[in-house]
Amino acid sequence: MALFPKKVDFFELFDRAALNVTRGATILVDLMEHFDKAGDLAKQLYEVEQEGDMLTHDIMKKLNKTFITPIDREDLYALASRLDDVIDLIWAAVDRMTVFKIKDSTKEAISMSKDLLTTAEVIQKTFEKLKEKNYAHVQEYCIEINRLENRIDRDFRDALGRLFEEVTDPILIIKWKEIYEHLEDASDRCEDVANILEGIVLKNA
Amino acid sequence: MALFPKKVDFFELFDRAALNVTRGATILVDLMEHFDKAGDLAKQLYEVEQEGDMLTHDIMKKLNKTFITPIDREDLYALASRLDDVIDLIWAAVDRMTVFKIKDSTKEAISMSKDLLTTAEVIQKTFEKLKEKNYAHVQEYCIEINRLENRIDRDFRDALGRLFEEVTDPILIIKWKEIYEHLEDASDRCEDVANILEGIVLKNA
Amino acid sequence: MALFPKKVDFFELFDRAALNVTRGATILVDLMEHFDKAGDLAKQLYEVEQEGDMLTHDIMKKLNKTFITPIDREDLYALASRLDDVIDLIWAAVDRMTVFKIKDSTKEAISMSKDLLTTAEVIQKTFEKLKEKNYAHVQEYCIEINRLENRIDRDFRDALGRLFEEVTDPILIIKWKEIYEHLEDASDRCEDVANILEGIVLKNA
């Protein structure tokens, strides 16, 4: 049983969307670790976010025109939307750093970014295993994504704790709270991706 | 091929819901431009928000009782919910101005409100074209709504930039940040409406 | 006509999920009213939140493996997700109080928590009436949940009003604004539960 129709290779489309998220997360880590290069890296990230919009639009268009897909069309819509949310939120975090004229990164922002990159890499591998119909591995990777989301949750909590403990300027607190929230939201959308993938496997197992 | 069933005229219901959003956005612009009349205009806006709730409830009830609709029921649900979100968020922005005892509007709030009104007017026209099965025009208008959303996004970014650049009172920053965020969210829900409408057209083209 | 398939007793699963939300809301009220016991009660609430995750995962797994359900599978997904959101948001409110080192509760936090508990109890009764196919009572309870949501909305508005009126420390405003927002969001998710239940009844009446 083929999960996807022959004519439109949704696997290839989702591979490209997942790869694009990994690209974005790679730039995010680079930017957080080398904040002196933030200007150039933000421009590169913007290109990736725009590419994400095009990939998502392409998937949506093909989904709407494809009459029979062996897996729920709603699940494919949701997958494409959530992957796009991840890159949008990574972009939002970095763009706020520009708008807020942030002077330097923090160890928690670096840590959350690194965990986001690891998550993106696992998501990419999960799509590969889905293509190979290796459902046991898909499920294992989904558990791994959930584990990483819990870690980013704790990173976020630590970041908030230190922010309110050590920073006395309320305006700087407002700024960093929002940046951390965007990174945390990106991680929540990764967890959504894992939950949808787990659902697809359970329906097809 | 009729997009909607004969017995329930969903077009009429959605026309009224879209008109109601335009009414709300018109009051919003008036209020932002003439803030001395804010008290009266907020009351008018509240009536519009309540009317929106009734229209949405009416659509939902009829959708649940209608067994065959030629277009995905899920899409009609989502359309009604997102239109209701737009008016709820416009109301939330204005209500916060009251709760926060805001003394005057800002040029960015006026600009975002005007662009929201333009968006609402285009949404209304899009529903008309959908009724006429003029799908090419629906798609054109959806692109226009996306273009307007990008403009409001830039308005929002500028608003945040100036807020953190010029305002020194952190409490005033908290207040305006939230007001701008509600307007920006309203615009995001308009974009959702456009994306759902685009999907409906692609499925029926 | 049975609403749910024989083999998987979804009613029992949802009864347990709804009971778990009531348990969480009971601890929340206790914690807000007796803030000196906050440490112990937060630990109990964390257990409830973890239990909620397991119950939700269990429902999702069974839904994905059950091929024919007489009511829309999407509605059951949405119900399980929204119930889980309620307990997650209650937990988030309490966890932020810990992270922000909040010293005491407020009368508005107590009031919102009590109304959330009442809402949770009504949701539990609504699931019982759904199981008995007593659809008239389901609809009555849904109206009651909507009424309670409006009350929590007003509580929230009052809480924000007093916060910005009486508190001068911007950092304390940031903290409490977020705590109140989580409680308000929990109430919004309860309203979502009512709307989904109302939809199920209308489709099956």
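Letters are used for the chains, namely A, B and C, taken in the order the chains are written, and counting of residues starts over at 1 for each.
Note that a contact is a pair of C-beta atoms (placed from the backbone, for glycine too) under 8 Å apart; a residue touches a chain by one contact, two chains touch by 3 or more.
Nothing here was measured: the structure is a model prediction, and the numbers come from that model.
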With chains as vertices joined when they touch, what's the shape: line, ring, star, complete or other?
-> complete
Same residues or different residues: which describes how chain A and chain B meet, taking over half shared numbers as same?
-> different
Starting from the mean Cα coordinates of chain A and chain B, work out the distance between those two points in Å.
-> 27
Note the residues in chain C that touch 2 or more other chains, in rising order.
-> 74, 170, 174
Show which residues of chain C lie in contact with chain B when the two form their complex.
-> 74, 157, 160-161, 164, 170, 173-174, 177, 195, 198-199, 202-203
Please give the residue numbers of chain A that touch chain B in the complex, ascending.
-> 60-61, 64-65, 74, 95-96, 99-101, 170-171, 174-175
